[in-house]
Amino acid sequence: MKYILKISTKDQKGLVYKISQILFENNINIIKNDEFVNEEMFFFRGLLEGEFNKEKLVDGLKFIMPYDSSIELYEKRKKNIIVFVTKESHCLGDLLIRHFSNELEANIKAVISNYNILKPLVEKFDIPYHTFSTTDKNKDEQEKEVLSCLKNYDFDYLVLAKYMRILSPHFVKCYEEKIINIHHSFLPAFIGANPYKQAYERGVKIIGATAHFVNDCLDEGPIITQDVLPINHEYTWKEMQKIGRVIEKNVLSKALDLVFEDKVFIYKNKTIVF
Amino acid sequence: MKYILKISTKDQKGLVYKISQILFENNINIIKNDEFVNEEMFFFRGLLEGEFNKEKLVDGLKFIMPYDSSIELYEKRKKNIIVFVTKESHCLGDLLIRHFSNELEANIKAVISNYNILKPLVEKFDIPYHTFSTTDKNKDEQEKEVLSCLKNYDFDYLVLAKYMRILSPHFVKCYEEKIINIHHSFLPAFIGANPYKQAYERGVKIIGATAHFVNDCLDEGPIITQDVLPINHEYTWKEMQKIGRVIEKNVLSKALDLVFEDKVFIYKNKTIVF
Amino acid sequence: MKYILKISTKDQKGLVYKISQILFENNINIIKNDEFVNEEMFFFRGLLEGEFNKEKLVDGLKFIMPYDSSIELYEKRKKNIIVFVTKESHCLGDLLIRHFSNELEANIKAVISNYNILKPLVEKFDIPYHTFSTTDKNKDEQEKEVLSCLKNYDFDYLVLAKYMRILSPHFVKCYEEKIINIHHSFLPAFIGANPYKQAYERGVKIIGATAHFVNDCLDEGPIITQDVLPINHEYTWKEMQKIGRVIEKNVLSKALDLVFEDKVFIYKNKTIVF
Amino acid sequence: MKYILKISTKDQKGLVYKISQILFENNINIIKNDEFVNEEMFFFRGLLEGEFNKEKLVDGLKFIMPYDSSIELYEKRKKNIIVFVTKESHCLGDLLIRHFSNELEANIKAVISNYNILKPLVEKFDIPYHTFSTTDKNKDEQEKEVLSCLKNYDFDYLVLAKYMRILSPHFVKCYEEKIINIHHSFLPAFIGANPYKQAYERGVKIIGATAHFVNDCLDEGPIITQDVLPINHEYTWKEMQKIGRVIEKNVLSKALDLVFEDKVFIYKNKTIVF
């Protein structure tokens, strides 16, 4: 059995010494550990192995840190996710294939969409697909339905794999730090609708994609990972959109790997990624 | 003797045929040619060789195109440039070394700065260095002095190699499409002052640099080339600034090569780069 | 109806003029054209549109070029392909998803493998899957069976999407310039078996992938496209293999797009890619 | 005063705990520390600050590790280097500019060359330049002269900044793990002479550069860093050489930064780079 230990606490002298002492005394084998200190905070992530008393370990760690520290210890396991899509298959398809081949550190419990276009694809993989259309009802009602549907599932993360709807602040609040989005630009450039068209109009020479946690400000949540692709004057925005799919799926895929392996900390709207 | 032929004109059927016919009939050897058509315009760049009557060639080309077409034909030659700097040496130094080694398609006629910090470096290479301080006089007066100094030189381009002052609309107007700037972000992200600090605060995972022509809107001129570098949470903005120097000098250097080899067209605030 | 015109011929003065004249006189609209001249040869690729007499056009072109020139003119259409795999799903899966979403310029007619591991995945998409095991018979016999199976299909290209068997010179001869392979290193580094292990042992700081046409020398055929990924000392070769999947599928995917859109010429074991 | 502590030792349980305990008990402030464990070895690099007894610290560390461990503790300081060049100025020029601007963590004590072409450039910066021609004497004699010249200098590293001569095994032996070379290919591809020509002939779509420590097998020493650039069929090998200069100088520059900041360990012909 492997365990993940994640600590974020106010920095103090000797912290590595004190933590490693407690781990040593609990006879824990540290397979891999990472730490990072910024101006004020200390972040630690350890992949642990061994037979030990979890409560005793956490108590030991609590003893050496301020009461408002965050100490998480849990068994390493596959995450459960719900994937949100609209019409495009590339990000979803990548997750389905990796899921099928046991290369994704997550189980796709269901797919939710505002269209039923991707239903035939998802059902090939025996995964439930729920359509909540937005054409015949207003946004609030549709979100209520989605929220109600989510109650039926046990999940760790919601993955917006090109879900082209903006979630309400209420929705986001319900799943704080649990929603991951792929935005098709190198943020903070080209926030909002149709970033490829914006990129075309500005005449940039690179386009990009950004995976980030969703907060209540559009496209302004903590960035997990980003990547770019060179383009030139020959690209129409439709062609940017076409080649952009490759970075979108790769960036989302990489971000999810990092999150599912518990390598990401969120602090003050930024991420620490080990 | 080699010649550059640059044409931009309204697109029409058979244009390549007509142009290549005229070149053929004038017994011109086309070493390399590029063309591009967008929704409405046709752009052509040819590197030509041969003995021919320049006037006759241009007349022939004018005959097949609308009167408002742009047809430029000139001998390929090194450009003359004035470099503007403030305190940082990396972009300037790169140009000086390439100039010294005859690897730059330009002659550096002079360096202009608002500080004299880089004077010792420039004078090693026997290039005039003019300081126009902004501490003891107002911006307008300083610009007047700079403009007056420029009158003494014959030049093709002004290169802002990390010149940390904003030029007035009047100044920009005087040298339209002749001023090239390096901005230390992947525009349009992080316009304005201290982009590395902005990047740090936003928590991006890539930083970049953009070389562009200067127009009267800050950092909004036509982009020539851009590049990026991956970073992570460990970088302070000072460290971003440090590693950013590498992309800044490379991006400026590449943009200048393109401009000096007459490979860049400006059209509607965007560039076509062959 | 759109047409592709591909020409490769000995270079001569005025060729562009002569070709564009013939196209103009046949009332053809050139949507896009590219040309390239190396020391001796001229390559042309045009995407054409219009109502014209194909025979007359080709005759006109033949007239201005030496008899051993290659002139190909055909309707633009989706290619038919057979995909070869062994056990890994990432390249195949990417093609299946793109095929399903109509984003691949090809129809996957069948999948051939030496294992039946990927059969359940392929059959979800209603594509025939043929297993020709190599464990119970010798290599020659297995190849004979594969060749015999291929006779049932009408196809343009064979795509080796991580097919971990070496094809015999006889097999390669049968489908010259029709077999595309993805090799998991930046060739010519790490030819042969287990390039990730070789990369690990050499201690390189980048790994890569190469898509190339197959000739009778292992991993020495004409390269279509390549890409790389940075790594560091922390990566075991198993981890390189894992992250390498992303470049493998992207590089293969990009190479296939280029080939299927008729943008690739092969000349003297190298490619010209427009 | 800042100190660098570098440890490489056989891995054992509790090592981080024991080391951090000793550092804590010596009242040392750890500004930054990195560690890495491979199958058998443990590597540690710490940037330390504080008032402490160096001997006591090292003794404490020795006590907890096997006698054949490597424990290095020294004041952080600029390195002294001798730069070797032949005719090309780009790598050297980059170092001179960074040295001049105090952005290089090293002092250039002298430049050695087999030609005097770059003498005028180096002397601008008041750095001694020694020419040891190879045209009028044999290789052994020339090396003897170089070795004899080196005796006059106190230096940490020899930097081969495009020195186009192969050093003899004897020479390499004299300065084991002290010679850094830039090779103009992504090793292990294109070992030996004229890698750009080799790259051109193979028809690769990326070219690269590799900075490595020199051992007695040509281009086979431990790799420090590598980078690549995309190319296409239009590039002649002369043009590859031209654009390759950018990666060559950047890769060498980055590798030197890492070495000069004591971030590189060599182990079994590979590097660990923190």
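Chains here go by letter, A, B, C and D, matching the order in which they are written, and residues are numbered from 1 within each.
FYI, a contact is a pair of C-beta atoms (placed from the backbone, for glycine too) under 8 Å apart; a residue touches a chain by one contact, two chains touch by 3 or more.
Since we're looking at a predicted model, the values are computed, not measured.
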Subunit D against subunit C, contact positions shared by both copies (same if over half, else different): same
Selected interface, A-C versus B-C, where C-beta contact pairs are more numerous: A-C
Rounded Å distance, subunit B centre to subunit C centre (Cα mean): 39
Where subunit A and subunit C are represented by their mean Cα positions, the distance between them in whole Å: 35
For subunit A, residues that touch 2 or more chains besides their own: none
Contact set on subunit A toward subunit C in their complex: 88-90, 93-94, 96-98, 100-101, 103, 121, 124-125, 242, 245-246, 250, 253-254
Residues on subunit B engaged by subunit C in the complex (per definition of touch): 13-14, 16-17, 20-21, 23-24, 29-30, 33
Residues of subunit C touching subunit D in the complex: 36, 38, 186-190, 202-206, 208, 222-228, 232-234, 269-273
